[in-house]
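Next up, some structures in structure tokens.
Both complexes below contain subunit A, partnered by subunit B and then by subunit C.
Coming up: the complex of A and B.
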């Protein structure tokens, strides 16, 4: 968590005061002022979050409140409502238009929030505490597989975040169907029209479509690049929501104990009994599988395991002296949880969080593969499913996106394992 | 202990009721696509869609009050009257009964084999920690945990079906039957076993991997313990130490993961694997039901793993207190 106060300047102030005055005349107001910590980072955080919330409220108002009445009337009189659509938002007047970015969808709202939190609560603290960062890095570096994984994931993340901004999504072009990848070849009769060179009855791949095309003529490379962003969105937003709920529930239960604990964790018991995948399946089947709905479902239904970890960890921390000291100094429940319990359970949370991501990415891919996702989104699972009926003719459609899916999941698993070793001295190697 | 077992039984009952209630509420709140379709048809043919909807709702008992529908639903569910499958024109229970043997045919052997392999490799890994063998095993475990099994199944089909031509791309549903009846002779015939090898292999990758990791972690707790050192000092053979002094205390937590995690992995895994290989088991049935919007069948097929999970959890908790006298009953 961010450390906003600089203890050295603080104590220097105190010492200066103590030198000049005979009695220890500590200016508590001044210390309180610095302790509350309106550093530049903090101000920037409040400013950005304020803007974000205002924009979000405006968007929500546009979607749901303003003109919702006309929409409802139009909705009732319009027979097109009988067409079954994948429901995203309940229709209002439609999303708000913003300068530069235009309309902002549900996933984008969550995605930008996740990224903002990532910058302010992970990147900036790491930059500000360079000594600790260097220490973590030294520990982390011992694990070669994890370093490679981190580099791979950083590349996937960077490409997924930037390239779809200026590249058009894959287009359906039936004429260009079944182009083989650049290093491969296929019988001349398979594609309608071969883009690459043809020799000896074989159609060879070309750099126009390095990974080939699907049965609809969609370029697989472009699909994969778009799939990178989708997978990262699913994994990171899902993780963010999961962590948010799991730590809140876990800490609340551990801090208050008694009935609060009993009720919250009886519920968790039930939620954990339900096999997550089938829960996702059922809800996605009933509600419809737009990416937004899927991410929300992942975030809202998959936090039971981490909440348990947080609870058991926080129960131990609760008994330690610093919590007692904080309470003696008059710290309230929220303050104790946020400033004293949370930082001390954060290591287990970070590890568990990293290991949540591959599960979410895999779940999204599996649901998309089963045809429950949004068919317009070129997610990896969707592309794998696209090529399933063409295994005998066009092996590359299903296999190439799967390589990326596999590598990404593997990388997150390696990363989680290394983080556990680096951050969590209490747990031995092992599982 | 009797009181504890009674409490767990009661809790399993409560969990079942909660699951059923949640499903009912979900069903109640989401619009029925079949009725929407009927409305659409009515609107197209010029009749009043509102009337068509009402007629359909009356026929399905959906015009009743919420609590009456709820009681009806619960009664039906608990008496295994799980509704009528529109897409297959038979009761949901019958559809399940004809599908489940296909899943068990490869699922049960896969669970047994992967448990044995997983435990053996896990124990080896723990005893030989940080050796080359351990690293290889760890890498294989990561591979097994990370590989998306539906994609792995496709890869194997491409290699062994398309390129090598060793297996058929289409699953032969009659290979395990003689004259349309299940027969043990047909199930173990080469024709049938050949087409089950790949699904079993894919299903086993994930379960072997997690079994192995878990066994390794559990066994490591004992590898350095005093009684192992004593046994070594007395000159007990390596094999006896592993079998009697490490595996025995580690077997209780290992047994719990078998019920909890492995069952989950197998159910999810088999769902996707059956879709890829075209095995008409529980997973494929469910997939088919989703594709044809057959809600009753979707619920039926999802309930099976959910109830197995509830019963599995119950069995796991009870087995735990019976096997391990140190467990305090009130514990979560």
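Coming up: the complex of A and C.
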């Protein structure tokens, strides 16, 4: 075999001199004696997750359990108050206040978890394995549309994540209603008061409101910037929940099989028949529209189909000899699922994930358009809905957020395509 | 450790692996596939032990269940004196350092998403070696020892040929410095030219690290090249265990003889003289009674009162088998007979049945189809056959079945032979039940008489 004799053996010898451990020298008893070392990243991850969980529990306790706790204490210490007046759900004192960030709502809790997981399980591994990242990047950048999409999405993500932190949300100012975008104009009679220059009976747009305003006088640019974060939140948190549950359930069922498989997937069968849309309608009817409820319902109930894909794919992989080889190495279920099954079903998972994100963003926009979202949230769907009755006079109100929605969804689709190609090492001769 | 080097490093006793067959309305157990049904052997340190057999005889299952990659359903496996079937998960994980396996298919035994370096390092990580630099040094060294280069670490399995992958498989197995390596068809997926390279490498590594190797193969050439001792497996059981040289020079079991004669020889004058095995390996969920090989054995022992040549006796047995399984379709025999004899069948309504054709014609056709002459050497056999043919010609399949069962029952079918030790080798065959101490053997294709 010609490949066997290789000029690099020389460099390998140099390396051997530096650190000449061979497999016969390993003292396994010594290794059994030493505790498992953790990398710094791992320690940081545990620390951050620990803090996160403590803060979350504190918040939950403050919101829901504090009253109950006081009652329980009173109940135990003072038996005369045996009759607890209101049984059942007792609201707590309210959300906890944290330094710097103040109150943290449900969506923010989920959003920060999603971002943390993204940093520790996507960004840091990419940074640590620069050679691998470079390889994937070379593969990825073959697809020009995907590169443009990635840049576009990165900008949307960055703006959505930062700008709303120091910019006030759009305000209702009826006097400034129907301002045209900076490059457009509208008949002078449409806006109550034209901010830009007026010439020849036409009101022109101005840089005060580059994308114009809605019928309530809300600035569309600000709405769109806020909508960026909302769309990213819906898409990424929903995707995170969906993929997390779907892969866990799918891989567990495929790896363990038998009753585990049977129970999990009979449940999936039931869940898939469950109409999530009507559940959401019911919740809207009971407590009003809310982004948190929307994300939770679609994230926690929408993973059945993907779990099935993951399971069927993993069932095939399970029969491969490398699973037996891992067992032969002494690996347990968790290792095999994470190191072998998961990477080998990642094609399907990434494809599914990139389809889930635009699906969720579209669903959010559709519900908001139908007036089933939270009307206070300046999401793209809400803004599109705002302009729906003014299409003949003020086209820009619905159109501009519509263009952003369209581009974002298209970009996610391109991205998914390119990722699927780039992540498969069997394509092309990678060195 | 209570184990001393003079004792076998591994002792396998009555190892069983049965798979339940589920079926029916409530998915209850309707049967068991006896893939491995009670095999026993000892292996000493540094030895190479081979298990050979046809596809489907259970040899791969034997390999995986003897090291608990699949849980055996019965029996004991002792490694250095300790019963590994009683190990808990922690002990089992440590045991993996002592016994490693090489897999059959180099294409599927490597995770396509894992670089070769990671794949070879996997046993090290799993076993708790957290020092990354140390792991890399070990992997680099291993890859070079199996004939690749350290720079191959970053490459992925699809970039290697089958032979190279099998070398990497060896490196992976060696990573935890095991004492025993179980190689399941290590070269069967490779080109012939690569096969000997890999076998040579295995030999070298065995010498260098005093490895004990168990080789599973259907290829007798491979077994002959590297094994010290060989077990021949048929339908979940060992039929013969002997030193490699003795087994190949002087096979004792008819099945071994059949396997050996199936090895192609380059000498054109020796072609086609082998013992031919007819039929497939029987269904392991319903193994034949008595000796499991008797349905295909070219040397079945006839009942004591019969004097038939082996080939005729074999034909009689085949005929009886067809009657028993009801694979003999009397109506189609009758139809063929009618056509052969030129009997006019136009006036018969519908399909021809046995009753439509004269008995003698049917009998002639039955004899012809089953290769049975009109006159056998033995009168008892003749009578029985005539009676059975008469019954068949009358359409009485059940009666014929009984007649044949009664007079052609052989010891091979009635009693299961046991693997008995004789002169340092073990054979499981009734042919050797009454062998005289001088070792004279009954040869094939001679009239067998008691």
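The rule we apply is simple: the second predicted complex is superposed on the first by the 328 of 431 C-alpha atoms of A that agree within 3 Å, B and C clash if a C-alpha of one lies under 4 Å from a C-alpha of the other, contacts with A are read in each partner's own complex, and residues count from 1 in each chain.
Just so we're on the same page, contacts are C-beta pairs under 8 Å (C-beta built on N, C-alpha and C of every residue); 3 or more make two chains touch, one makes a residue touch a chain.
Computed from a predicted structure; not experimentally measured.
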Original post:
Does the superposition put A:383 against subunit B (first), subunit C (second), both, or neither?
Top reply: neither
**OP:** Classify the contacts of A:324 with the two partner chains as first (subunit B alone), second (subunit C alone), both, or neither.
**Re:** second
**OP:** Would you sort A:247 into first (subunit B), second (subunit C), both or neither based on which partner it touches?
**Re:** neither
Original post:
Regarding the shared-chain residue A:277, is it in contact with subunit B (first), subunit C (second), both, or neither?
Top reply: first
**OP:** Have a look at where A:354 lands relative to subunit B and subunit C in the superposition and call it first, second, both or neither.
**Re:** neither
Original post:
Between subunit B (first) and subunit C (second), which, if any, makes contact with A:370: first, second, both or neither?
Top reply: first
**OP:** Return first, second, both or neither, reflecting whether A:214 touches subunit B, subunit C, both chains, or no partner chain.
**Re:** neither
**OP:** Please identify the positions on subunit A that touch both subunit B and subunit C, taking each partner from its own complex.
**Re:** 429-431
Subject >> Residues of subunit A touching subunit C in the complex >> reply: 1, 3-4, 6, 8-9, 11-12, 15-16, 19-24, 26, 28, 31-32, 36-37, 131, 320-322, 324-332, 335, 339-340, 343-344, 346, 425-426, 429-431
Original post:
Can you list the subunit C residues touching subunit A in their complex?
Top reply: 64, 67, 69, 89, 92-94, 96-97, 100-101, 103-105, 108-114, 119, 122-124, 126-131, 133-134, 137-138, 140-142, 144, 147-152, 154-156, 158-159, 161, 163-164, 172, 174-177, 197, 209
Subject >> subunit A-touching residues of subunit B, taken from the complex the two chains share >> reply: 11, 15, 18-19, 23, 26-27, 30, 33, 36-37, 39-40, 43, 49, 142-143, 145-148, 150-151, 154-155, 157-158, 161-162, 169, 213-214, 216-217, 220, 264, 267-268, 271-272, 275-276, 286-287, 290-291, 298-299, 302, 305-306, 309-310, 313, 332
Original post:
Which of the residues in subunit A end up touching subunit B in this complex?
Top reply: 79, 82-84, 265, 269-270, 273-275, 277-278, 281-283, 285-287, 358, 362, 365-366, 369-372, 384, 388, 391-392, 395, 398-399, 402, 405-406, 409-410, 413-414, 417, 428-431
